[in-house]
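Below: one structure in structure tokens.
Here the chain labels run A, B, C and D in written order, and each chain numbers its own residues starting at 1.
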């Protein structure tokens, strides 16, 4: 159970409340709001301990280094990574996936090799592979999605060949909320001698994640989607794989010896963290994880699924609505369209009521084509949402329908 | 002139003062301290306007987008870039330089092409080129440094050939403080048909910079070295060049249309900003620039040069000291060694007095070899330092000498 | 901000019953425009003779504002010269960005989009058709 | 923290007049260790016979702590078995990290480095020689 009045942990809600425009924030799949605890931690860092990390030879720098490395350990424990050194700090899930595509892909893929993705990927797990495929001549293939918006593992087995070098899939879909069986997918990939990459941008914030149990080789996520600051994300990688890999970005921190025309590299994770990292971001992320853990990820998941189920049921009453949500594994993400009311117009009408939802392709254009829509509206719930938010949403949607139905319009607009 | 009591703008100084351990912070070339104004701006963003940018279809997201884009305009004006769209937000100068090396280099360099760097580069402007040279077969060459720690432009003219495709040099050396004639270097590069890249990590914070006057094609810098947050930096690029370039990281925001196996890209700067950016970082950077501009960059520069000159003179009195600082263009960076006292030991002795300096290779190992030292100690001054900091430094150095000189030791250790 | 100012009768009418919808079979000019942020997609085909737009059609998909704006635009620009269109587009941008409180009467039905000025997130939707038209005119076919 | 605890007479002595400095001409084991953060560089060459260190030398450059620690280490480990060295190294790490208030007497002169525990930034300097020694013993030559 998530405690009542949890919104009061998040200053942004009181800010808008006090201005008479209460915020019904239903766009947490895009980015989440930040609890005071996270904001204060960042402030504390800059006001007390700010210094560059690792290279310092004085106490302040040692303190900064210690708290930065403590954040790394926290992240590793959060996803049950074997050791802190298997966690690389990045800007966001997108950079994490690019790191794998470039550092692993550019050096391990050759012409004709195959990388398998799925039909429900976010652009962040598509475009990096387009780039690497162009450079290496590798071929991309796709796991199909079935009618309940689930990945069809038979289709994965069918397209796997001896040339398959990697299988990279989204853990939880940002459009459908589908939770994919990444443990099974990883096992299938490994059986075929391919590595397994998981885009965890929508799982780390919402469900308990255990990378050792999944068994994947890489797992990517973003801090800003889990109550943390912007500009910080992570990549978990199996340590021996990280050790064997070429680096990605070159620069300070990631080297051992540098000569004019060659260099050799530090050990992971430093090998992959070139330049001054987002120190305050890492520290804020630790505070965010502590906040989430205090609430309990199981509780958060239950809370969101319950809200999602309730919303699916309540929204089904809206005239002309079509909901894209799997029956089998629904979560707190609801994408939908309404006949004759474009998602962008829905969003504007909701916005006028203080409700923030997203309308668009959600960085998943191939999935949109598969769903045969140009865009959808999406409400995504997080730990700070409650049933009254769902009610407000449903009523506003009814208003949207009325506005676009000339017969009813006169009655709703004031 | 920098006003008195400026340290009170920076909460970290009062924090340590109030704990009876005043902080003499002389490591601003590594990272600078943050004024309250910057810290508060970040806090305000999270407490009032936090939302994802660009993709939002509601008011809050529009506000976030507007302030994020306003930060971009501010950065562009700060370095006199022609248009906001020529500024790409990155994590730091290191990522900016890697962006150029990968996105421009990987697609424009071929076997035997040449890239010219200099003997005083930071690893961030060396290692990315090592990586790209390995992938493309390009060759790296180096502008020589003369005895006053200045780049020898004749040596540049000598090594330039028809195969030279890029000249990439540091604007202000982080070890020597040398201000390199990047305008002249750019002109020479352009005459030879090569592009010009400037590593501005140590110039943007300290001297007025005008990228149009310099004429360079790319200019890289870090926010955390100029009073801004960690995790934010920038790359200025000439717009037409950015337009012609392939992207770097792939993902959300940077695309136009995505199909399963291909994609086409948005216009710059978005083409180069994949995934959710460091929004609060950009906003904090804007506040930092406003802070710096209020003081005036000319004033900051004069202040630092005066401190540097004073320090060079005062430190020359220390027994066995060797100072690595050009006569021609000294700034607020002083690297030095002391006979028989290793830089790391100097740093520890200073640390015991609350003085933070850096000891090591300063991410410039090839330069260290050129100087025939393994490491140096470095004091770097910024706008919040004053002559009393120099005094404290000089006295502590004398103590260090005494500790390592058995004859004197007894008298200094309490 | 009131939704009434945005979703006017005229807008809804053009959205639900767009004018000049489709493609000209042998256009002299053509362009396609996207709004990455919301997925709007508009194709504009033109027949220009002696600097005068003699025919114009649009197709594509998108929100009410983008589609209605395209529909209204096709009505307005027919018969106008290329130069007149430049001026008109400028006036239109000024109006929807709220730079001009009293829209020019040349804008005709397009004044129905005046309310967009109060909805900054929708400005891009309203201007897409006009930007695409201007792009088409730049591209000699 | 007092500098007296760090820069003891013994440390300064070993730093200024290191023992066993140089390279063994035909070592059975060799390793080179770096401290990226401060540039310390230590090379250790060993002659191991029947599991006993019969000769050991170090060279390289670095701060007083890293060099004195290496010098002291070479004194201590000569004549010890590979197993004994493992135990000793562990005791040394415990001491300089402050995990052990009463250092083992087997550490001999190395107890002069006890003060490092109060200077966390210098722990790496003190342990470099020992880590490099352990690396060398792992690498069969």
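Odds and ends about this structure:
To be clear about the criterion, a residue touches a chain if its C-beta (ideal position, glycine included) is under 8 Å from a C-beta of that chain, and two chains touch if they have at least 3 such contacts.
Just so it is clear, the model here is predicted, and its values are computed rather than measured.
With contact taken as defined at the outset, chain A and chain D are each touched by B.
Centroids built from CA atoms put chain D at 37 Å from chain B. The geometric centre of chain C is 77 Å away from that of chain D, both derived from CA atoms. Chain centres here are Cα averages; for chain A and chain B they lie 31 Å apart. Residues of chain B in contact with two or more other chains: 55-59, 61, 255, 257, 344, 348, 351, 359-360.
Multi-chain contact residues, meaning those touching two or more other chains, occur in chain C at positions 37-38, 121.
Chain pairs recorded as touching, per the definition above, are A-B, A-C, A-D, B-C, B-D.
For chain D in complex with chain B, the residues that touch the partner chain are 1-4, 6-7, 12, 16, 37-41, 61-65, 119, 121-122, 125. Note for the complex: chain B touches chain A at residues 11-12, 15, 23, 25, 27, 30-31, 33-34, 38-39, 42-43, 46-52, 55-61, 91-95, 97-98, 101-102, 106, 117, 119, 122-124, 126-131, 133, 135, 140, 142, 222, 224, 229-232, 246-247, 249-255, 257-263, 274-281, 344, 347-348, 350-351, 355-360, 363, 365-366. Residue ranges on chain A touching chain C, taken from their complex, read 340, 342-345, 348-349, 351-352, 359-361, 368, 374-375, 403-404, 406, 409, 413-414. Those residues of chain D lying in contact with chain A across their complex are 34, 36-38, 120-121.
Across the complex, chain C is touched by residues 54-59, 61-62, 66, 255-257, 266 of chain B.
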